[in-house]
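You will see chain A twice below: alongside chain B first, and alongside chain C after that.
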Partner chain A sequence: MFANRRLGILLLAPATLFVLVGFIIPVLILLAGAFRSGDTWTLTNYIDFFGQPLNREVFVRTFRLGLIVTAVSAVIGYGVAMAVVEAGPKSKGRLVAMLVLPLMISPVARTYAWLVILGRTGFVNVALTSIGLTDAPLRILFTETAVFIGLIQLFFPLMVLPLISSLENMPRDVVPAARVLGASWFSVFFKVILPLTREGLVVGGTLVFVGSLTAYVTPAILGGSKVLMLETLLYQRVSVANDFASAAVIAVILIAMSILTNMLLKRLASVRRGR
Partner chain B sequence: MSDFLKLDKLTLSYGGPTPAVENLDFSMGKSELVALLGPSGCGKTTTMRAVAGLMKPVSGTITLDERDITRVSANKRGVGLVFQSYALFPHLSVFENVAFGLRLARVPGAEIKRRVDAVLASVGLSHLAARQPRELSGGQQQRVALARSIVVEPKLLLLDEPLSNLDARLRLEMRSELARLQDELGITMVYVTHDQAEALALADRIIVMREGRIEQAGTPEDIYERPVSIFVANFMGFENCFELTDGKLKGIAAPSFETGSAAGVAWRPHAVVLGQGPHTGTVIGASYLGPVVEYLLSTPLGDIKAEAPASAPRHAMGQAIAFDLPQAGAVLLARP
Partner chain C sequence: MRIAGNLLLTLVLIFLIGPFVIICIAGLSGGETLAFPPDGLSLRWVQRVFEVESFRSAFWLSIALAIGSTLLALILGIPAAYALDRYNPPMAETIRNIVTAPIIVPGIIVGLALLRHLVVPLGIPITLALIIGHTALLVPYAVRVVSASLVNLRTDVEEAAVMLGASRLQSFFKVVLPNIRSGILAAFIIGFITSFNQVPISLFLTGPGVTTLPIGMMFYMEFNYDPSVAALSGLLAIMSLAIVMLAEKLLGLSRYV
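Up next is the complex of A and B:
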């Protein structure tokens, strides 16, 4: 395979060059910009950014929502993934297709559908008022709840699919073996299933968490300017306020978080291999 | 025979048109080793999973040690199970695999250490306690699975084809080890297998299953020497099994002995007399098996397997040869 190293390097060169010029260099310039004020290297940009209550609020909200979305999709994800794995081969195919289908629809279209469902005269409010659960329509749109619902729907498949594959890769009969040795379903989950599917959880968790932090369309449409997230704030700083310093700071935070999350979760995943 | 384990009209189904097991009745005594023997798909593994509580019966009851356990969940039955795939926990060391059941039962740490060490010693794995399961050979994994099941002292231990993934030599070694453990510990065991030699060597009693029903139950001697049906006879190494119609064999003269109401008759290859007799067949196959040569004869009755000492003159392929199916060595079968 490596018989001809030179050819290998040659074949890699165009892609490498493209990534270097088109991605890495601009990102480095951007990141550098976050640490510069005038002509000096400084942390002023960060101090200014976190000095404003609104920015702090957006920062905290973004992480809170990211964590909640990740946790909730993990909990529901295990349930769904186990049901899919237990299902017969025929219904398994159908269930997986149903899970994957939303991934093939544009996030913009999917998010607009939520406007229809969650709006003042949308499906949910009409249903709630007509059965008399509420007198006036609830305000769901442009709240954290709406963003939460949108994000869950957007990223749920990315949690379930890795969980399904790691559940399917569990050795046969370990669950019945644990049952017969006296494990309650609770113990079976925490002592056998969870440790053996940790890698799937880590992959799914990373995708959902980083995805939630960096989603733009969903918070923009369902949260609007009332529920700003780091991404929507970033866009506002650049296109409305022309404030590139804050924008660069947000970009650094987002990139750093993505990398940190990945490193942290990778370490968690490798614990059981003893590496 | 006491009823330590008793299955009463047990019917099990995977939801298909015919149940996997139908109206199964059987009981066994304490410290007995019973083998469930049968081809794949006969319902033996299904029966065992139901006894372990991994499958709900459609109807019928399971009683263990005078307690109805039909509705008791798997983790509260006190029934151990050694899986064909061993099903060791890959994320736990050998020690922790064996300690798994004891930890769940909240046994104190010092006692866990003592009991796990003792059981690992008895299966000869003390030196591997710190290893991970994937670092072990098949035979060693098998021993861990066994140790893990017996350390919790189940009332009943079920073994599902425990030796089928091992090579021939290791299988013999594990077989005698199982026999030794059963002898030492006096565990009541149900042993599921499709290997008649294993069943004969290990079991106090054998239950031959076919299509979800018991075909024959008895001591190894009963089953081996007095099979009740062509099915059991085939399974027990009778190569020549024939149906009888009104006491007659189809295609050749009636046997020269009283067949009574038997529905079938069978001979082992060594019981067929070659070179003399009232019948004639053509040699269509010959295999040298060391001490004997096994011939396959084409006869009006069907193909017949016969053995002759390797020292006797050989019969050539295509040669017509006289043979006899004598009364000595014939086994009458009650059912087809």
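Up next is the complex of A and C:
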């Protein structure tokens, strides 16, 4: 826009250099470590990492939980987003604010609340034993269920917000039109609503999926060492065993997933702009 | 259909917000251990939060870190956003990718990378490392939010200022900066909250004596089962709520998130 390119470079230099030196170079060195053993470039770190049954189990569990959390948030998210859109513009603002609120509060505080609810002397167990459903307190903490509940609460807002905005952008009369022409609610959803809101679903889904894969606080507090996920495994490998090779392998997996997802989102955004 | 939708919405809101109500009540417990419903009500654990030395020092470190790294990220990010938007620099796309890269790398990896490949080899003190890590995380937010408000500011007001005899520097400080003030404030609030709540980056960069509040809480709850963390969590939730409501009132923060 302005002619003076040298000034532009001068203004960009501090931020670019800072991020390069204080972020990109250290991260690249760490990632390179995943492909090195001794003085040679190799894939042995990966073979060693996936050779351990525990590591394989954590890898599969992380992806499984990520997929389940994403699928469940998508299903509930559609229901909630439709209810919010139908509630009309007046109450919409307040409802969205309530849905966004949890995002602003410390994840530690957010997760700790579930300790109070799901713990041995927590709300759920007190309620269950007092109405006589169980004799001894149920063990809910440090199971995959607890981690699942924590992750859903943490990431649901990221799914519902894009769904609300794409439902709002959908032409008003397509649903009544399909109904008048004799479509059942089932086919209205799968043939009309879903294709028209696909973009919001992809944006929300990738945010929730990557968020769940790379969550640390929730699995650390609600899963502990019983239900390890990739990030808590990374922390454990480094702090307990000084095992930097495994840590680097996990880092490569997580960053690769994150970059792939980001590229997908960028492509979607450019498709939208080009239309 | 409509009733079912509203029922679902209500249940989801209870699921999302209910835990905060429960934690606030659990923090007001009069008993020795964490329980819900609590054994009687009292303010003893709220009071205890302010007495625990490690919470106090961690709180002030987190506040200082959040303010310092947000300011630094803005000082780096505002000129970068301005140059990217107005000067059409060479390799603009590459540079934009570089300065917004920190957002896509999981924090725990950043922390470990900084510890192993910056702090240890160069002998950097731990507090400085925390500032570097948090600032790197916040630069993308600063660039994005400030870029968003620059796009809304037409360039001809600056051209007019320059044509009327202002230098580029004067037009930036007297015309551009006042006009993107609310964007900068929004970036500051988002940055502050992000840094204050940040766990994974700090995880490897904290040590004995130097701990941020969220990390301090996580370590405390590993060895203690009293209601003080519940009381502290409740206080933090109320603090974030107050900040967000104030921000919403002042500038409609939801436009930027």
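Criterion: the second predicted complex is superposed on the first by the 252 of 275 C-alpha atoms of A that agree within 3 Å, B and C clash if a C-alpha of one lies under 4 Å from a C-alpha of the other, contacts with A are read in each partner's own complex, and residues count from 1 in each chain.
Simple rule for what comes next: a contact is a pair of C-beta atoms (placed from the backbone, for glycine too) under 8 Å apart; a residue touches a chain by one contact, two chains touch by 3 or more.
Since the model is a prediction, treat every value here as computed from it, not as a measurement.
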item	value
When chain B and chain C are modelled together on chain A, clash or fit	fit
First, second, both or neither for A:195, with chain B first and chain C second	first
First, second, both or neither for A:23, with chain B first and chain C second	second
Which of chain B and chain C A:43 touches, first, second, both or neither	neither
Which of chain B and chain C A:256 touches, first, second, both or neither	neither
Which of chain B and chain C A:71 touches, first, second, both or neither	neither
Chain C versus chain B, contacts on chain A by residue	C
Which superposed partner A:115 touches (first chain B, second chain C, both, neither)	second
Partner chain in contact with A:264 - chain B first, chain C second, else both or neither	neither
Shortest span in Å between Cα atoms of chain B and of chain C, once chain A is used as the common reference	13
Complex interface listing, chain A residues touching chain B	171-174, 176-184, 187, 191-192, 195-196, 272
Residues of chain C defined as touching chain A within the complex	1-2, 4-6, 8-9, 12-13, 15-17, 19-20, 22-23, 26, 33-37, 75-77, 79-80, 82-90, 95, 98-99, 101-102, 104-110, 112-114, 116-118, 132-133, 135-136, 139, 143, 155, 168, 193, 196-197, 199-200, 203-204, 214, 217-218, 221, 229-230, 232-234, 236-237, 240-241, 243-244, 248, 254, 257
Residue ranges of chain B touching chain A (in the complex, touch as defined)	49, 52-54, 73-77, 79-81, 83, 85, 87-91, 100-101, 104-105, 148-149, 152
List of chain A residues in touch with chain C within their complex	1-2, 4-5, 7-9, 11-12, 14-16, 18-20, 22-27, 29-30, 76, 79-80, 82-84, 86-87, 95-110, 112-117, 119, 121-123, 126, 152-153, 156-157, 185, 214, 216-217, 220-221, 231, 234-235, 238, 244, 247, 251, 254-255, 258-259, 262
